[in-house]
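You will see two complexes here that share chain A, one where it goes with chain B and one where it goes with chain C.
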Partner chain A sequence: MPDVLETSLTAVPANGVGGSLADGPSAPPAAAESPAFRHSRLRRLTDRWAHLAFLTCSLLVVGLIGGILFFLASRGLAAFWPAAGNTGRALSLSEVFLSADWSPSSDRFGILPFIAGSLGVTGLALLIAAPTGTLTAVFIAKMAPPWMRNLMRQVMDLLVGIPSVVYGIFGLTVVLPLVSHTWLADAPASGFAVSAVILAVMIVPTIVSLSTDAFESLPSSLDEGAQALGSSRWQAIWHVLIPAARPRLLTAAVLGLGRAIGEAMAVQMVIGNNPQWIALMRESTDRAPFLRALFTPAATLTTELVQELPNTAAGSTWNNVLFAMGLLLYLLTMVLILATRRLGRGKEA
Partner chain B sequence: MRAMPVFRRSRSSKLVDRLMRGVLWSIAILFVVVLILFVGAILKQGWPVLNLSFLTKMPETLDAGGGIKPQIFNSIYLVVLSLGLSLPVGLGAGVYMAEYAGKGRTLNFLRLCIETLAATPSIVLALFGMIVFVQAMGWSFSIRSGALTLALLNIPVITRVTEVSLLGVPRELKEASYGLGATKLQTILKVALPYAATGILTGLVLTAGRAFGESAILVFTAGTNASAHFPDFRLTVPGETLSVHLWYVTSDGTLPDAREIAAGTAAVMIIVLLSLNLLVRLVDRIIRRRTR
Partner chain C sequence: MQIRFLAQTILAGLLVAAAAQAQTVTVMGSTALGPIVKKAAEDYMKAHPGVQIAVSGGGSMTGLNQVTSGGCNIGISDVYATPEQDKAGIKNYNIVVQPFTLIAHPGVGVKNLSNQQAEQVFTGKIKNWQEVGGKNQKIVRVIRPESSGTRAVQKKEILHDQDFSKDVLIQDSTGAVVTTVATTPGAISFVELEHLEKNKARIAGIAYNGVACSNDAVKSGKYPVFSFGHAYTNPAKLGDPKVKQAVEGFLAYILSHEFQQNVLKAGYLPVDYVKSLKTKL
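Right after this comes the complex of A and B.
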């Protein structure tokens, strides 16, 4: 890092003309004498200090990424390697990550139910949001008349701006009563299905906006070529446009996935918060297995954090494991972002 | 690049085309309907509760009939504080990325960091704020813990918006400024940033809306209690916001009228966000007309 700073600082010529001009046409030297801007030594000094200040801001962001990792790790890893002053005992990795038995009161901390819950509800949400989002995007970019295009943009802007607790209260007071005690669910219908539907609506705007950009940035020759070869509108979309935009469509889906897996409050309000959901799902036999899986109260990594973190003492094993779950979420985010980078690179190659 | 497939215009392909046009239109219309139903349901549920006394009364802890006055104040206060904290950093980082970093590894790495921070779940930021501000600094659940953690949510958005807006400044404009002998800083402050200001401002309003609706972060840093004084500008007191209140009364369940209070709060939030959205659109339209 330090050499970057030095070279860019010394790269600023003495007359103060910025480095960004180095690659463009150079300013006529006489212009530096123009009365509009004066170059006192003070000005040049402020220029350098400003550069430093802007750099500091960027470094702060970089530091934040590292800082979050450090502090979450310091608490989360204490579950496995307790530091001094910790009241908790050391757990083994396998009894946390490979066990489905979550009963903190009897000292058992298997977080598999939450990992499975997060994957389940996110997968379902993506299953709904990715196809509909991609199709909406292609509709906006390649089919809709201008007024509809504008309307859809506004709808997506509004959907993305609605707070997660409002989504949660909508799920709780409108969607849940709609399906509870019906042929779908014989009890309150909290569980994967309702959570996934709510989550899907929450992540669709992300997928739509990124995918629309992807379709709009395709060269028009692709579309025109397909039409010249006699394709129908849909044939052009399905056989040419979607394959051509695929890397960026996948990126959009991955970012939607990231949003879904990290969402806490909306899901917490409708999923039922039952850490023992795997056992419950196995026990009850009164419904078809498929419906049972969709409408059994469950829990995810995020909902469990919201639910239990306030009730645990800092430094206890229970608390440490919850922070380990947070660390897991953070690492997952990093993996997903790196995955989008990979996808993006594949496009250029 | 794959080869163009051979297209056949048969009766079936025409049928499929018609069908898929219908499907795409229906999906799009479905989202419009979902939004209308959504906003309609929230407003309808909250309408009976919404009146002046609900907005201007202090909340109750055990009895029915409480208001949301301090929560409204805390929401605005926290949004303003967090924006004030994140604006300098976000602007600075955005300016650096657009004007100083140049194309290459540094910029790529910075972009990666911003993307990661933007994608970090708010519950993870909440945990970070809880460890650092609430526990390590000993600030407990307070406005200052909340504002600082909330700022982390805003920073990547403001940075991104600043960078994109600055990249949209015409090159000729900057060159003219350099041509007049301006230093880089003068060019940025007096030419580039004013040109980019409308874009940045729009981004700021959207960031404010996001911070206004955020709950996960604030439950763990600003707490679920509101000060009994009003208006309480102290940074050391807990500051429950509207969104946290909405969540807390729903999940806590000690209030007999929790449902009504939650419905009213949700309606207030929707109305505020719709107005913000309208404001952005209006400002955008006015600016566009002026530049034309």
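Right after this comes the complex of A and C.
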């Protein structure tokens, strides 16, 4: 029996290359009608179909991504050109990208508050999450005892899978009232600070997982060599391990950033969604504007999209500008992904 | 033989499908109005076995967009159509009345606001509950997004078309508004009456001009803040007279005295309650 199996296995590639199956000289004469022969033909057929299926799937994915870009661009750019199907007026680029005044029902469409909001909240989140995540990864990869390492890795994988709306509900019902009551004399706590903390909690697991891989993939000779030369644990980590792993650490951070900038639900529940936040900040006469900004209800590209897009009329200026914001978000994410690939390639060099 | 049988079956199936198609009424739009319209559809289909009514969501604006373009037969909406949509010739039916009330965090110490006070609270002229007889506590205005129907009603009825203060918290859904008001000291907002009734333990109602919002107060004309739930049709796009007949029959059923008794259970008021009152929206 093992013999038959063996011939059937070897026969496939041999016959596959050499033209006609039936009179392949290398095939044993009995194989012409044997199960092995039929098997091989079936396998070739399956191969061909599988090839086709894989090709279709990958083309579908590429087409889908292209299609989404085309759709976003056609609807979003309609905000700036008098396109077919527009019921509103065409806007100039400057009154959209350089204005902080967003009140669509009064025909004013400045999206600066959302761009600044998105960049601000993701930047703050990364500022919290990147050091925390990297140091946690150092601990997991280089210091923790094996049982703890296993436990931490599993916990991190679990955290990556928690849906963002859960973080949002937690933020809305627990964190906001707590912060407001403890530190703000019962003033509302919605704003950048709490949103950034929630986002940071969401992206830390991603950063930790990828950074742990980065540290674990470093040859142990680096660590050992540094310590043999007399450096302390801390010096070995700071001067040798982290620089050596830097490209992959940056990749981890950028991937975390990508997740943060696209997040809508969790942020939307805690940030306060006030599109007039820049104007509000300008009016205020506080002595500590930065601290105040942390707790001013603000808005981001994603939160505005998720709130308004389903409720605006197709083809209206308002709707078109929202699509333009979607396009901007798409391009931002694209840039981040390209940056990730660049940084990732850097590690081989 | 087999092929002919198969062909016959397919043909018969297509005919049945076509016949069913002719009698299918599609309804799209407001998720708030969805349940009550679904209930009406079930009753109506029971009484008219030849008619199929499919109710789906999507939001008020989706309903209006779809009915205007002919994507559905009836669009249900919490808001009035835009001028462009009106120009396309769509027709409005007010199907239910929706009362709205002011709500606040239970600790603010205010039970009533005059219409001028309410207006100034939301435009930002009044900044502290002390100014309207409450605690020394900053007022936190919680409102809905600009595209929301509730916000449109609030702007018209409470703010008399002035702009909202820039110092606001915005929440996407009425549920999130209620949670925010319940957990934020000094918060005030504006919601459908049924949400106050469901959350009496967490939030407090505020009377408007000395009248607390209730079904009876709206019915008697003492309480002026309410809006209509709308059903829109596009007569030009209905085409098939059979569909047109089914659509008109269904809307007539929703407006009938028989069905309007059901809407009270869903948190709405029958339209004939306010028929005598002038329609303000």
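We adopt the following convention: the second predicted complex is superposed on the first by the 296 of 349 C-alpha atoms of A that agree within 3 Å, B and C clash if a C-alpha of one lies under 4 Å from a C-alpha of the other, contacts with A are read in each partner's own complex, and residues count from 1 in each chain.
Convention: a contact is a pair of C-beta atoms (placed from the backbone, for glycine too) under 8 Å apart; a residue touches a chain by one contact, two chains touch by 3 or more.
As the structure is a prediction and not an experimental result, all values here were calculated from the model.
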Based on the superposition on chain A, does the combination of chain B and chain C result in a clash or a fit? clash
Identify the partner contact of A:A83: answer first if only chain B is touched, second if only chain C is, both if each is, neither if none is. neither
Pick one for A:A144: touches chain B only (first), chain C only (second), both, or neither. first
In the overlaid three-chain picture, which partner chain does A:P297 touch, first (chain B) or second (chain C), both, or neither? second
Now for A:L172: first (chain B), second (chain C), both, or neither, which partner does it touch? both
So, A:L127: does it touch chain B (first), chain C (second), both, or neither? neither
Looking at A:S103, would you say it contacts chain B, chain C, both, or neither? Reply first, second, both or neither. second
So in the superposed three-chain picture, is A:N311 touching just chain B, just chain C, both, or none of them (first/second/both/neither)? second
Identify the partner contact of A:L329: answer first if only chain B is touched, second if only chain C is, both if each is, neither if none is. first
Once the two complexes are aligned on chain A, which partner has more residues of chain A within touching range, chain B or chain C? B
Could you look at A:M269 and tell me whether it touches chain B, chain C, both or neither (first, second, both, neither)? both
For the combined three-chain arrangement, which segment of chain C clashes with chain B: 5-13, 149-157 or 167-175? 167-175
Chain B/chain C common contact set on chain A: 172-173, 268-269, 306, 310, 314
Mind listing the chain B positions that touch chain A in their complex? 2, 4-9, 13-14, 16-17, 20-21, 23-25, 27-28, 30-32, 34-35, 38-39, 41-42, 45, 88-93, 95-97, 99-102, 106, 109-110, 112-117, 119-125, 127-128, 130-132, 135, 152, 155-156, 159, 171, 174-175, 178-188, 206, 209-210, 212-216, 219-220, 243-244, 246-247, 250-251, 259, 262-263, 266, 269-270, 273-274, 276-277, 281
Mind listing the chain C positions that touch chain A in their complex? 58-62, 64-65, 82, 84-85, 137-138, 140, 145-148, 163, 166-172, 176, 179-180, 183-187
Please output the residues of chain A touching chain C within their complex, sorted ascending. 87, 103-106, 172-173, 176-177, 180, 186-188, 190, 268-269, 272-276, 279-280, 283, 297, 299, 306-308, 310-314, 316, 318
Parts of chain A lying in touch with chain B, wherever the complex brings them together: 4, 8, 12, 15-21, 24-25, 27-28, 31-34, 36-39, 43-44, 46-47, 50-51, 53-58, 60-62, 64-65, 67-68, 71-72, 74-75, 132, 135-136, 138-140, 143-144, 148, 151-152, 154-159, 161-166, 168-170, 172-174, 201, 204, 225-226, 229-235, 237-240, 243, 255, 258-259, 261-265, 268-269, 302, 305-306, 309-310, 314, 323, 326, 329-330, 333-334, 336-337, 340-341
